[in-house]
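I'd like to ask you about the structure that follows.
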Amino acid sequence: MYLPHQRWPELGEYVANESLAVVPLGSTEQHGPHLPEGTDHMIAEALAREASERTGYLCTPPITVGVSSHHRQFHGTMWVEPSVFRDYVESLSRNLTYHGIDRIVYVNAHGGNVAHLREVGQRLHDDGTAYAIEWMWDESIPELIEEVFETPGPHGGPKETAMIMHLAEELVREDRLEDARDGGVTFDADAARVHGATTFYDCIDNSPNGVFGDQTDATPEIGAELFEAATEQLVSLLEWLDEQPFADLMPDPHVDPQPGSGRERDGAR
Amino acid sequence: MYLPHQRWPELGEYVANESLAVVPLGSTEQHGPHLPEGTDHMIAEALAREASERTGYLCTPPITVGVSSHHRQFHGTMWVEPSVFRDYVESLSRNLTYHGIDRIVYVNAHGGNVAHLREVGQRLHDDGTAYAIEWMWDESIPELIEEVFETPGPHGGPKETAMIMHLAEELVREDRLEDARDGGVTFDADAARVHGATTFYDCIDNSPNGVFGDQTDATPEIGAELFEAATEQLVSLLEWLDEQPFADLMPDPHVDPQPGSGRERDGAR
Amino acid sequence: MYLPHQRWPELGEYVANESLAVVPLGSTEQHGPHLPEGTDHMIAEALAREASERTGYLCTPPITVGVSSHHRQFHGTMWVEPSVFRDYVESLSRNLTYHGIDRIVYVNAHGGNVAHLREVGQRLHDDGTAYAIEWMWDESIPELIEEVFETPGPHGGPKETAMIMHLAEELVREDRLEDARDGGVTFDADAARVHGATTFYDCIDNSPNGVFGDQTDATPEIGAELFEAATEQLVSLLEWLDEQPFADLMPDPHVDPQPGSGRERDGAR
Amino acid sequence: MYLPHQRWPELGEYVANESLAVVPLGSTEQHGPHLPEGTDHMIAEALAREASERTGYLCTPPITVGVSSHHRQFHGTMWVEPSVFRDYVESLSRNLTYHGIDRIVYVNAHGGNVAHLREVGQRLHDDGTAYAIEWMWDESIPELIEEVFETPGPHGGPKETAMIMHLAEELVREDRLEDARDGGVTFDADAARVHGATTFYDCIDNSPNGVFGDQTDATPEIGAELFEAATEQLVSLLEWLDEQPFADLMPDPHVDPQPGSGRERDGAR
Amino acid sequence: MYLPHQRWPELGEYVANESLAVVPLGSTEQHGPHLPEGTDHMIAEALAREASERTGYLCTPPITVGVSSHHRQFHGTMWVEPSVFRDYVESLSRNLTYHGIDRIVYVNAHGGNVAHLREVGQRLHDDGTAYAIEWMWDESIPELIEEVFETPGPHGGPKETAMIMHLAEELVREDRLEDARDGGVTFDADAARVHGATTFYDCIDNSPNGVFGDQTDATPEIGAELFEAATEQLVSLLEWLDEQPFADLMPDPHVDPQPGSGRERDGAR
Amino acid sequence: MYLPHQRWPELGEYVANESLAVVPLGSTEQHGPHLPEGTDHMIAEALAREASERTGYLCTPPITVGVSSHHRQFHGTMWVEPSVFRDYVESLSRNLTYHGIDRIVYVNAHGGNVAHLREVGQRLHDDGTAYAIEWMWDESIPELIEEVFETPGPHGGPKETAMIMHLAEELVREDRLEDARDGGVTFDADAARVHGATTFYDCIDNSPNGVFGDQTDATPEIGAELFEAATEQLVSLLEWLDEQPFADLMPDPHVDPQPGSGRERDGAR
C-alpha cells in the first residue's frame, strides 16, 4: 500500500488495523561514470514498494537526499548536514505515530545513512515513542553477493550496477563499465587502516572516479536475482516485526535493585 | 535534465556551463476522499520535470514531505516541523552551490510550504549565497483558473482534481467527487476572518472532509490545459532567471551615507 | 489593565478571574523620510492599550523589534532573525500560561511578523498549551481604508502616516510628505510577480525611499477615524475570544476510525 | 537621539559620524505589593533616554522582558528562557553593526540579566564583531546608595521604590510600603550561603512577598538624587567609550611565541 | 565511593539507598608561569573525592574542560562554548536521575563555570527533575583565606598555588613564584569598573602573565590547611543536603490566588 | 607532554614547534560485575599518556563521559546525548586550533563513541579547520586479540579485563570472573541480525549482566602485552600523522570541469 497513492479513507482502514510502515531512504550522489546519481534512492524505493505490495504494509514516499558530503567532489552529489538529516527523519517518523504507526522499517540503500538512522531509531526507542530500525538491502544477502561477484566493492560496484540494470537499464552507461572498473579501485576499508585508524574522510581519497569493484561482472539477470532475494528478506523482516508484541520492542526496565528501593524497604525518610 | 538519472560526467558538463536548478517540493497529506495523498508532490514533480525537459535545465529529485500539521487529523497526512523543513531545504540548497548552482526555483505545489520557502530563500539571499525563489503553479495562472472553474477552492478542489486526472487518472476516485463536494465546503479565507483575525489553525476547522470547492467541474482535459499553461509560465520564469546578471539578484548595498563615511571625510579619529 | 503598571496583588485578582492577554508587537524599521522608525510598535501599543483600557483585559508591554531584515538597507532598521523572534514570542507566551493566561491576541502592526506569529500560535495550539492568534489592525478595517485613501500602499503609506499623525503628530515630518510620495512608488505585490513568482526579497528592490502610496492624503482626522474603527474591531475580537469555551479553541481529535480501533474490535493481538 | 522617534535620513547622518548606541533592558516581573511590574524596564529606559538626550548618542527602544523565572511564583511575572534572551539580544546587537554601530552599552536595571548580557558581550567581542558592555545603574553609585538607605535590599527595596517615586509616582502604592517592608525580609545573599553554597533558586525561597529591605525610607527626592547621579555616571561612561580607539576594545592577540613560529624559523616543513 | 572505580552491583546497592552525587568540575587553562594548567580540575577532583571518601557519597569522574575563553591568549588554555558546557553538564546530570540520583553538588574550582552551573541547576530545579547546586571551594572558607594571605588574587594567586603545592608539589615551578607575582598584578574587579561597568572581557586585559596576587606567600602547609577546611565545609554541605526532605528542595507553588480560582468559585463558565 | 601538568610557557614552546595533540576519550558505564565503570576512559587515558610520554606529543585531559545510553539499564552508567557529545568534542577541538593545534588523534576506548567522533572529524575536515581522526585501541591489534583469546567479546570481555588487570588490578573483582562469563553471553552482532537488520538498541537485549565473552582467559600479563602492542601502534600513528604535509590532510578540490569554467571559456556572460 503506497501511501501517496491512497486517499485518506483507505488509509483510515489501514491504521485501524495495522501499525507498521516502511520508509524508503537513499541518496542522490555520484555513482561513477556509469550509474545514475539516484541509484541509492531508486533501489530503496523499488524494494520498499515491492515488499509493501506483496504484504500490504504501508509504504511512504522516499527520502531522496541523505548524508553524502563525502562524495561532494564529484558533480551532482546532493547532501544535507547529518544533524538536518536526522531531524528530518525523526520529525517525519515521530509524526507518523499520531496515526498509530509505531513500527517502522527504514529501507535504506546508502551506507552513509546507517549510523544516522540508528541514532534516530535510538531516540524514538529510548523515549518509548516507536520502534524504528534500519535495514540495508545488501546486508541482508551477504552470502549471495559474495557468491555472484568476485569484487563487489562498497560503492558503485557490480551489486548496485546489477540492481539498476534490473530496475532501469536505460540509465546505465554500459559503454563505460570498463572505465568504471579501470578508473576506480578495489578497496578494502579494513585493510586501508593506518595503524588501526581510518584516515580518510572522502570517497575521492580512495577512488579517482568515485567507485569500487569490478562492474563488468554485473548483468540484469543477476540484478533480478539480488532484487528477489533482498525483497524476500525484507518481507520476512516485516512479518517478523508485525508479530512482535509491542512491549517486547520497547526498552527493558532498569535492573534491580530499583533506585530508592532500599530506602522504602527500610522505612527511611 | 533530471539529476537522479544522470551520471556525474554529464552533470559536470552541465555545471561547467549552467548555474540554474529546479527543485520540486510538495507534501504528502490528505486531499479529501477522492484524491491521493501525494497530490501535491506529484504535481510539483511533473511540472518541474516537464519544464526541465523542455529547457534542459537541471531538475533535482522531489522533496515529498513538507509542512502539513494542519491536515494531521486526517489519516495518512505526513509532516515535519516547520524548522526542520526549512533546515532541510536550506542545507540541500546551500550544498548545491558547491557545484556552482546558485539560481534555484522551488517548484512548489503546497500552500503550507510557501512562507517557509520564502524564509529559506531570504537566508540564502541575505548572505549572498544564492538566489532561490518559490514558484507555485496555481499562482502563475490565476485568470485561467478563474475562467475554467466556478468554485476553485484552496485545497483538494477542482484545480488539483483536474491536474491529477491529467497526470494519474487511476488514482482519482471519480465515484467520490460528489461526496467530496458535498462533504466539504466552499471557503473564503478572507471572509472567514473574525474582526480581522484568522482564528483557525487546522483544515478540519473549516471542512469536515478536508477539501474545498466543487470537484465535479474537473476533467482530464481541463487538467491538461492547466498543466500546459503552468508549464509555459515555469519555462518563461526559468528563462527570465537565466538571463539576469547575478549581481542584480543579490542584495542592494546600504543607502547613503555609508556608516562611518562622515568620520573618514572629517579626518576624525 | 497594563501589566507593567500593576503590582502583583492586583494581577493576582485578574488571573483568578480571567485568562486573556493582549501582546502588542511591531517593529523598529525605516518608514520613509517622513515617519519615525517606531511607527509599527507605536501603533500596536496604542491600539492594544486602548482596547485593554476599554475592556479591562490584560495588556503586556510591547515587543518592539521584529522581523525586518528586508528593510535593512535603510538606516536605523533594527531586526532579529526570524527563528529568534519566534522563540522569543513563544517563550514569553508559553510562560504566561504559568499564571493561567491561555488566550492571547498578538496585536501586530508589522506585516513581516505575520507568518512568524502564525507559526508560534500553531505551536502553542498543536500541543494544547494555549490559543494565541495574530491580529493586524489594517486587515480588520479593509473597507474603511479603501474608502478614505486612493493609494494606501503596503508600507509607510497614508494609512500609517495618518495613524502617527493621530498618535504623535510631532514625529511626522509633514514637510517631506511630497518627497515620500514622489521618491517612492505605487506598488502592487500581485502585479509585480514574474510568471507567478515573487522575485524580490528587499523593500529597496521596489522603492528607492522605502515607502509606497500617496502620503499626502493623510490627516490626523483620518488617523483618529482609523484608530477608533480598528479599536472597535479589536474590542469585539477580545470579547468574542473570551466567550469561547476553551475546548472549542483546542485542536479537534483525529477523524474516525481511530488508530488501532480495528485491532481492539477484532480482539487481535 | 531616540531611534524609534527618528526617520531614516536623520539616522543616516548619525551613523555617518557615530558608532555608539545605548540599549535599555529590564524585566517585567513582580516588585512586591507596592511597585509596578515594569519597574526595571521603566528605570532602564528612563536612564538610557536621559543620557542619550544629554549626549546625543543613539538610544534604541527598550527590551522589556528578560530572565525572571525566579520570580514566577508571583503573579504577572513575565520571562523568557535564558538562551532565548541571549539570542534575542545578540541578534539585535549583531544586526546593528550593519549600520556601523559597533559600540553598545546595555543599560540594564535587572540583576537577573547581568550574566546573560556579559555572555552576549563576550560572543560579540571574541569574534571581533562589536564591543558591547553591560551597565547596571545601582552598581555605578554604590556609595550614594549606602549613604541614603539603611537597608537597600537587592530587589524591590528602597532604591527602586525611590526611583519609581521619581519617575512615575502614581504607580507606587505608598499605602503598602510598610506591608512591603514587614512582609519581606532583610536579606544578605552572602550570609545566606550554606557551607559556601548558594542553595536557593527562587525569590520566594527568601521573601514571602517578593521584596527585600526597608521601603519606607524611600522618597521622590531621594529618587531624583539617585537618578541624577546614575545619569551622570552613564554619561561619563558613554563619553569614555566614544573616546577609545576601536582596536583597544577588541581582543588582544595571542601571547608569544606564536603557534608555528618555531617551525617557520627553523625552516622545518 | 568513586563511581569509575565501582562495578555495577556495588552501585546498585548505593542507589537503592542513596540519592546524592558529587560532580567535580574545573577547567584546563593557563594559571601563570608557575602553576599547571590542570590546577582547577585537580583541586575540584581532590576535594570531591576526599569528601566522598569520608562520607561514602557517590563521586563521578571530573569534567576537566569548562568555560575559559577569557584565558585563550595564553598557551594551552582549553575551552568549550558556554552553551556547549551547559548542555554537557545538564545532559549528564539529567541522565543521573535515571538511576535515582536527584541531589547533586557540583564541586567547582573555576570561577568561569559558576554562572553556567547555576543556570543548569535552575533548569533542573524549575522542571522538578533534580536539585543541583554549585559549590566553589574558596567561597566556603573566605575568612581563612583572608587570614592566611595578604593578597589572595582571584586567579593563579597564592590560594591556588598553596593547594597545588599540597596536592602535587612537583607540578609547581617554585623558581617562578616571584616572576608570577612581579609579572602579574594585584587586582580588584570592583575597583576596576569604569563608571559602574565591567569593561574587560579577557584575563590578559588585566594581567600580562595571566595571574593575580602574591604567590610567594604560598606553602604546602597552608595548602593542607585550606584543603582540610574546605573539605570539612563540603562534608557538612553534603550531610545538610542529604537531610533535606526532597519536597523542600523543589520549587514553591504559585502564590494565591491560584489562576482561575475565581472563576471556579463564582461558578463562571 | 600532559597538558594539565604543564605551565603556559612550556606549552608555548610546544606549539611554536608542533601542531599535534592526542585527546583521550572513553565512557563511564557498566562493564559487568567484575570491571569498574571507568574501564573505557582509564584505558584511553593510559594509552594516550603513554604514547605522549614516549613521543613528546601533547596529550589533553580525558573526556570521561560519552555516548552510553544503551547501557543505562545497569547501575552507574553515565551518558550524554549524542548531539551534546559531538558538540562538546567539536568545540574543544575547534578551540585547540587557536593555539595552532590542527592535527588531532582521538584515542578512544568506547565503541559507542566511534560514529560520533567520525562525524566531528568530518565537520572539522570539511571546512578545513583541522584534521582529527578516531583511533580505537583494539582495532589496531586485531590479530593479537584473536590470537590470545578464544572469545574476545565486544564489551566487558577478556580484552578489557586483561587491560584493567594490567592498569589497576585492584579494581577488578577476580572472584566474579566466572559469574561474568556465565551470566553474560558469547555474542556475534552480525549473526544476531534479523533478515539483515540490527534489531536491538540496548546492551541488556543481548546480555543479562551487560558483558560478552569469556573473561576467565584474562591475565595481567596478557594485559601488559596488549597495552604494549597498542601503544606501539598509537606511537606509529602519531609519527605518521606528524609527517604528512598539512595540505594532504585537507579535502581534495572538486573534480573537473570546475563549475562555471565553460562559461568563462566561452566568454559567455
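Things to note:
Chains: A, B, C, D, E and F, in written order; residue numbering restarts at 1 for each.
FYI, a contact is a pair of C-beta atoms (placed from the backbone, for glycine too) under 8 Å apart; a residue touches a chain by one contact, two chains touch by 3 or more.
Everything numeric in this text was worked out from a predicted model, so none of it was measured.
Where touching is counted per the definition, the chains common to chain A and chain E are C, F. Legend: contact pairs of A-E compared by residue number with C-D, D-E or A-C; the interface matching in over half of them is A-C.
In terms of the distance between Cα centroids, chain B is separated most widely from E.
Separating the centre of chain B from that of chain F, both taken as means of CA atoms, is a distance of 46 Å. Each chain gets a centre from the mean of its Cα atoms; for chain C and chain F, those two points are 53 Å apart.
Centre-to-centre, using mean CA coordinates, chain A is 28 Å away from chain B.
Shared interface positions of chain E, i.e. residues touching 2 or more other chains, are given as 8, 12, 15, 69, 72, 74-75, 98-99, 254-255. Applying the touch criterion to all chain pairs gives A-B, A-C, A-E, A-F, B-C, B-D, B-F, C-D, C-E, D-E, D-F, E-F.
Residues 69-70, 72-75, 82-83, 105, 115, 118-119, 121-122, 125-126, 133-137, 139-141, 193-199, 201-202, 204-205, 233-234, 236-237, 240, 251-255 of chain F are the ones that touch chain A when the two sit in their complex. Here chain E touches chain A in the complex through residues 8, 12-13, 15-17, 19, 98-101, 245, going by the rule given at the top. Those residues of chain E lying in contact with chain C across their complex are 254-263, 266, 268-269. Residues of chain C touching chain D in their complex: 3-9, 11-12, 14-15, 28, 30-38, 41-42, 60-65, 69, 72, 74-81, 84-85, 87-88, 91-92, 95-96, 98-99, 168, 171, 173, 176, 210.
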